[in-house]
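Going by the order they are written in, the chains are A, B, C, D, E and F; count residues from 1 in each one.
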Amino acid sequence: MPHNIRVVTPITSKGFRKSEDLEAIGKNVFTVSHSEIDIGPGSIECEYDEAMSLPGTILKIIDAEKEGCDAVVIDCMGDPGLHSGRECVSIPVLGPCETAMHYASMLGHKFSVLTVLERIRPMFENQAKIYGVSEKLASVKSVDIPVLELEDDLDRTVNELTKQAIEAVEKDKSDVMIFGCTGMLGCAESIEKNLKSKGYHIPVIDPVPLAVNSAYILSKLKLTQSKHCYATPPEKGMVGYGEPKIRAVK
Amino acid sequence: MPHNIRVVTPITSKGFRKSEDLEAIGKNVFTVSHSEIDIGPGSIECEYDEAMSLPGTILKIIDAEKEGCDAVVIDCMGDPGLHSGRECVSIPVLGPCETAMHYASMLGHKFSVLTVLERIRPMFENQAKIYGVSEKLASVKSVDIPVLELEDDLDRTVNELTKQAIEAVEKDKSDVMIFGCTGMLGCAESIEKNLKSKGYHIPVIDPVPLAVNSAYILSKLKLTQSKHCYATPPEKGMVGYGEPKIRAVK
Amino acid sequence: MPHNIRVVTPITSKGFRKSEDLEAIGKNVFTVSHSEIDIGPGSIECEYDEAMSLPGTILKIIDAEKEGCDAVVIDCMGDPGLHSGRECVSIPVLGPCETAMHYASMLGHKFSVLTVLERIRPMFENQAKIYGVSEKLASVKSVDIPVLELEDDLDRTVNELTKQAIEAVEKDKSDVMIFGCTGMLGCAESIEKNLKSKGYHIPVIDPVPLAVNSAYILSKLKLTQSKHCYATPPEKGMVGYGEPKIRAVK
Amino acid sequence: MPHNIRVVTPITSKGFRKSEDLEAIGKNVFTVSHSEIDIGPGSIECEYDEAMSLPGTILKIIDAEKEGCDAVVIDCMGDPGLHSGRECVSIPVLGPCETAMHYASMLGHKFSVLTVLERIRPMFENQAKIYGVSEKLASVKSVDIPVLELEDDLDRTVNELTKQAIEAVEKDKSDVMIFGCTGMLGCAESIEKNLKSKGYHIPVIDPVPLAVNSAYILSKLKLTQSKHCYATPPEKGMVGYGEPKIRAVK
Amino acid sequence: MPHNIRVVTPITSKGFRKSEDLEAIGKNVFTVSHSEIDIGPGSIECEYDEAMSLPGTILKIIDAEKEGCDAVVIDCMGDPGLHSGRECVSIPVLGPCETAMHYASMLGHKFSVLTVLERIRPMFENQAKIYGVSEKLASVKSVDIPVLELEDDLDRTVNELTKQAIEAVEKDKSDVMIFGCTGMLGCAESIEKNLKSKGYHIPVIDPVPLAVNSAYILSKLKLTQSKHCYATPPEKGMVGYGEPKIRAVK
Amino acid sequence: MPHNIRVVTPITSKGFRKSEDLEAIGKNVFTVSHSEIDIGPGSIECEYDEAMSLPGTILKIIDAEKEGCDAVVIDCMGDPGLHSGRECVSIPVLGPCETAMHYASMLGHKFSVLTVLERIRPMFENQAKIYGVSEKLASVKSVDIPVLELEDDLDRTVNELTKQAIEAVEKDKSDVMIFGCTGMLGCAESIEKNLKSKGYHIPVIDPVPLAVNSAYILSKLKLTQSKHCYATPPEKGMVGYGEPKIRAVK
């Protein structure tokens, strides 16, 4: 039976993420399943949105393990529920931001994050600190387009991303680009091409496909998060979320 | 009218925090009010507990501003809702961990955190990174007593805290102690005395009184968090938490 | 009896600091007393000035404790005598730079220092290193006005500070401003207002009132510097400064 | 046609690496081919050995691209030729040390490297610096067995690795183990089991299989090192190595 | 007998380095001898060139000790063979880049490197990391002139170096300049003069004379690299480089 | 005329430093002259002592330049007056601590400081931060002997230094030793020998001879501190120290 990677989209806007886009990532080697959260924000564009998405996301991560998935990828660059979700399950849980930042660190001397709004720049800088790679982060640039409007005018989105990427290369001395919103899925090739036409050979990381493939190889190699530091939570009263049962480490 | 500092206890265990203990902090200069969250965990001892406490905590921070409080202190060393809560209100929001770590950085060359369980050591190390003071953190030590049992045998709690503090001074070269759980409120004097009897003149920071007093002086000096980086969240759909209205910056 | 916070102005220019400006900080809650040094420079604008101010400042810190003060604040952003003064007394000694940098770290993602002369930028960068918060320092900007001329044309001073603050926000991505000279006392409100009119909600920290209030709460909470790392100096010969008696820790 | 990942073993000891061990990594999804260098040391146990292995390794990386391979993995934890090899080809080049350190950073709060000889500890600490993850490195431990003797007494090797791993967990507070020599290939499961029997749930990373799988997903996702910072070397005279032709970026 | 410092030029272009320029450095106090490598690149302008220069350089460092030299300086800012060469001999081995970066750290608050090509900027940033001084590095600037063309139009070289130096001072807030290519030998005085005429009093470090003099004082003070961390390599097979005999520590 | 290096001993205890010990450093190549301060402490063992030594030290540094010396070395590991003295003169000013830390960084992977009293450990850690080499500092160890008693029982001093050095190598993984008090002048050879007899090949740096020789080569190479960041102080009133005339940069 092929490995099954579950992608959890931590927002409540229906239709934002098309399951077929995720399924295509597996390419006959593994399968990709999908779920969305039941409680939480319509999109994630600040610390408050991310905080409100956490309980719903954790519940879906727990469900993924119960339903037999082999690994989980959180479908948001804020990586909501990454540490807390890892405590609750034994299967690997990956965030696209953490994964992309580590791969970007390998692919070049410095990397930049191209995201939606300037206001979430500090969140990425804090994530880089926690993930241990802040020395490799050249800059966080934003296109000033809200998450749910990224697809409204795809040409504008691609143009703005290209413009920011060029600035990242020329001014911030960056060598690798990471999309700073999973809503930019599918645009990497265009940006790479635009950069190449300017003479810049810059890899552009589309974080969700990368994280899903990384989850697959962890599962294949029987590697998962350290249950030493991500130990299963102690049982105790939890008010207001139904009954989130935490499964013990076998 | 005196300044009113609201303490939000981000757990659902009734009676854990006695309001009179908080009121005593103001000492005729300012008043301290108190609230507890309605949804969330019975205590906070891991990333999962903290994540589940966030929505309830943010809602109570929003309430505090609506009810006319002048500042908010979150009553947990995980500082749940610190960044997200700051986005939602204009009054200052302080966390006891962040405040204690910054004051400890001033009071000595290096500081240690004395907490409940070894499993939350990484959380403190990550907080020190985000707060920008990890160079000042000598160590995180734990007494291996769950939060809700700290008061069951107060002598044991004090003895274990003393033992860890001595080790922090002698082995980790630490100069200042911070309590790593707000449930240790009131024990600082005993530990300081025990250390002095061993020849060590070490300040022991009780984080909640310190954070409440810091919140008071911020309010008095008309200082609050930067609404530039903690800007009010954009309005959008939020499913499952009633109606958390975010107040715009005036 | 109310707490008495002593402010020591470490320069020999008479009339630079008006005692009534300091007294106003206490606001019926605590009292603020004042002294100036007897030997040292007319103002502090370089490492040499600061070095020459040290002995005089330490002597006045020792005097403050002898005279029954509850805490000391050094009235210069170079924090001269901060570590050495702490060794000599048991009451808390705070510097406005250290205090402001730690509070600024709490109030925003990154902070900037707005100071008098470009030549003291390295001194602030070194202080941030020693205080353990250099990751939070976005930039040090200067208005190119000598200390003793700040009040000569207050409009110019405010205009230049505003200009540098705007550049700090826009170019250096700063979220909080700190005055980099205690001679700028009283200008914070104007700069904050000017920034707000440009659409920037940025707290501006006036370091002396903040440090005095912080000293007050340390005194109230019976916290002082760690006499473990700031141990009383060993007795020994000292030539040329009269008789600086160091008081032993009780 | 399946992806073909080339493993280059940068030593001249014949038979050290069995091709079938490498081929097994692909598991019907991709193929793994193998080459060894023609000039260089018999094993790599110091900076000198590594330096002498570089030209031979680079030549084999260039050959791999010429022969149509899709990606290259260097078979040594010193990652010899990682940066220089990346300049010479357009296909992705990965090192097991860099890859393992980045994955270990994701799988736990801190990681340790278990290697052969104490004398190469500084090399790993330097690699962690260059790869940007030194904050995540808890410790480098060694079993004091030379590379070419690891297989002589496999029980002893496993016992020593287990002993060092336990010390890494208990003393150095490490959460994830990385094998610090590719000659330890195949021992991960035993160490993980031994740790589990001591109550420690610690992932143990076998770097070569991880790097080979990572190379596969890079190739699949059409990602390669940034040819902006790893630009093709300028053509110039090269004495003494035959004719290493550098292929231009297409 | 005077101390004899050997300079090893790690490229195969004959005549690039004139022995008399090196001999002049000793000034009657010590002698300077010279050798060039037999295998390797014509010049060093990327990681590949540097890698290919390593075996030849190490062999010449071993020869220097055999021939009775008192210390070795590697004549390239990439410091090829610095760590590996130190393992192979007991006499001190210095690199001009490491030496210049440490002296520059002493001479000012921040320093810049002025080098030939933008493509080697990451190499200098990585060197600063390994040498432990990256906090002191303000910037790496390049004049866009290949190594072997530096002397073709010396006026252009000096003009471009001056232009980059001024930018380093004004934009990057740099206080000290280091030449980032040993081919710039002899130009320091001109750049210093040009900077002074712009009002900037900036020391310009010519790395080879500095490293040679530093090697002299190490030799004079009987100091050499720690043979604890740079221990003599274990004996083993080495294919393809003739017979590089490693001398044991006496 | 030979270069004349002035050593300024920043304490008022007569006879502590014998001029002939300093003169011997020059060895027919340059001369070493000596002065002691007129106001200040009998020895330096804390921040207070160091602060009180500053004005006297600066005055002697100014005198050295007036008297035609070519460079100055401050004879104390606290490097009192290093930055402030550099502002006041145009000749190079070096501190033994800064110089030794930078050379130690070159001679090994990590270094340790062996000093007199545990209480000055934080001062060395802060110096390493300011000098930009804290990543290279393995540990600061102390022998618990006051400065002025180091020579009373030289055998005990050497034995204690050896003991601490061995612990630094074995526990702190240190590769190079630095004497942490200039009063240990002349003991390096004994400690090195003792370490060698334990099997450890560890360079032991005697900071004053190293700094004096470094000052000599700076003078010879016409290099001095950057007068850009160490600019001459502005003229202003200075009360209580006679008339310290600051010489303008020519």
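The criterion applied here is as follows: a residue touches a chain if its C-beta (ideal position, glycine included) is under 8 Å from a C-beta of that chain, and two chains touch if they have at least 3 such contacts.
It should be emphasised that the depicted structure is a prediction, and the values quoted were computed from it without experimental measurement.
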Counting a repeat as over half of the contact pairs in common, which of B-C, A-C or B-F repeats A-D?
-> B-C
Compute the centre of every chain as the mean of its C-alpha atoms, then state which one is farthest from the centre of chain C.
-> D
Gap in Å, rounded to a whole number, between the CA centres of chain E and chain B | 52
Taking each chain's centre as the mean position of its Cα atoms, how many Å separate chain D from chain E?
-> 30
Which residues belonging to chain D are in contact with no fewer than two other chains?
-> 109-110, 122, 126, 229-231
Determine which chains touch and list them pairwise.
-> A-B, A-C, A-D, A-E, B-C, B-D, B-F, C-E, C-F, D-E, D-F, E-F
So in the complex, which bits of chain E are touching chain F?
-> 27, 29, 94, 98-99, 102-103, 105-110, 131-133, 135-136, 169, 175-176, 200-203, 205-206, 209-210, 213-214, 216-218, 220-221, 223-231, 249
Which residues of chain B touch chain A in the complex?
-> 12-13, 38-43, 45-52, 54-56, 58, 81, 83-84, 86-88, 119, 122, 126, 129-130, 146, 229-231, 233-234, 236-241, 244, 246
Chain C partner contacts - residues on chain A that touch it in the complex = 121-122, 125-126
Per the touch rule above, chain C residues touching chain A in the complex are 109-110, 173
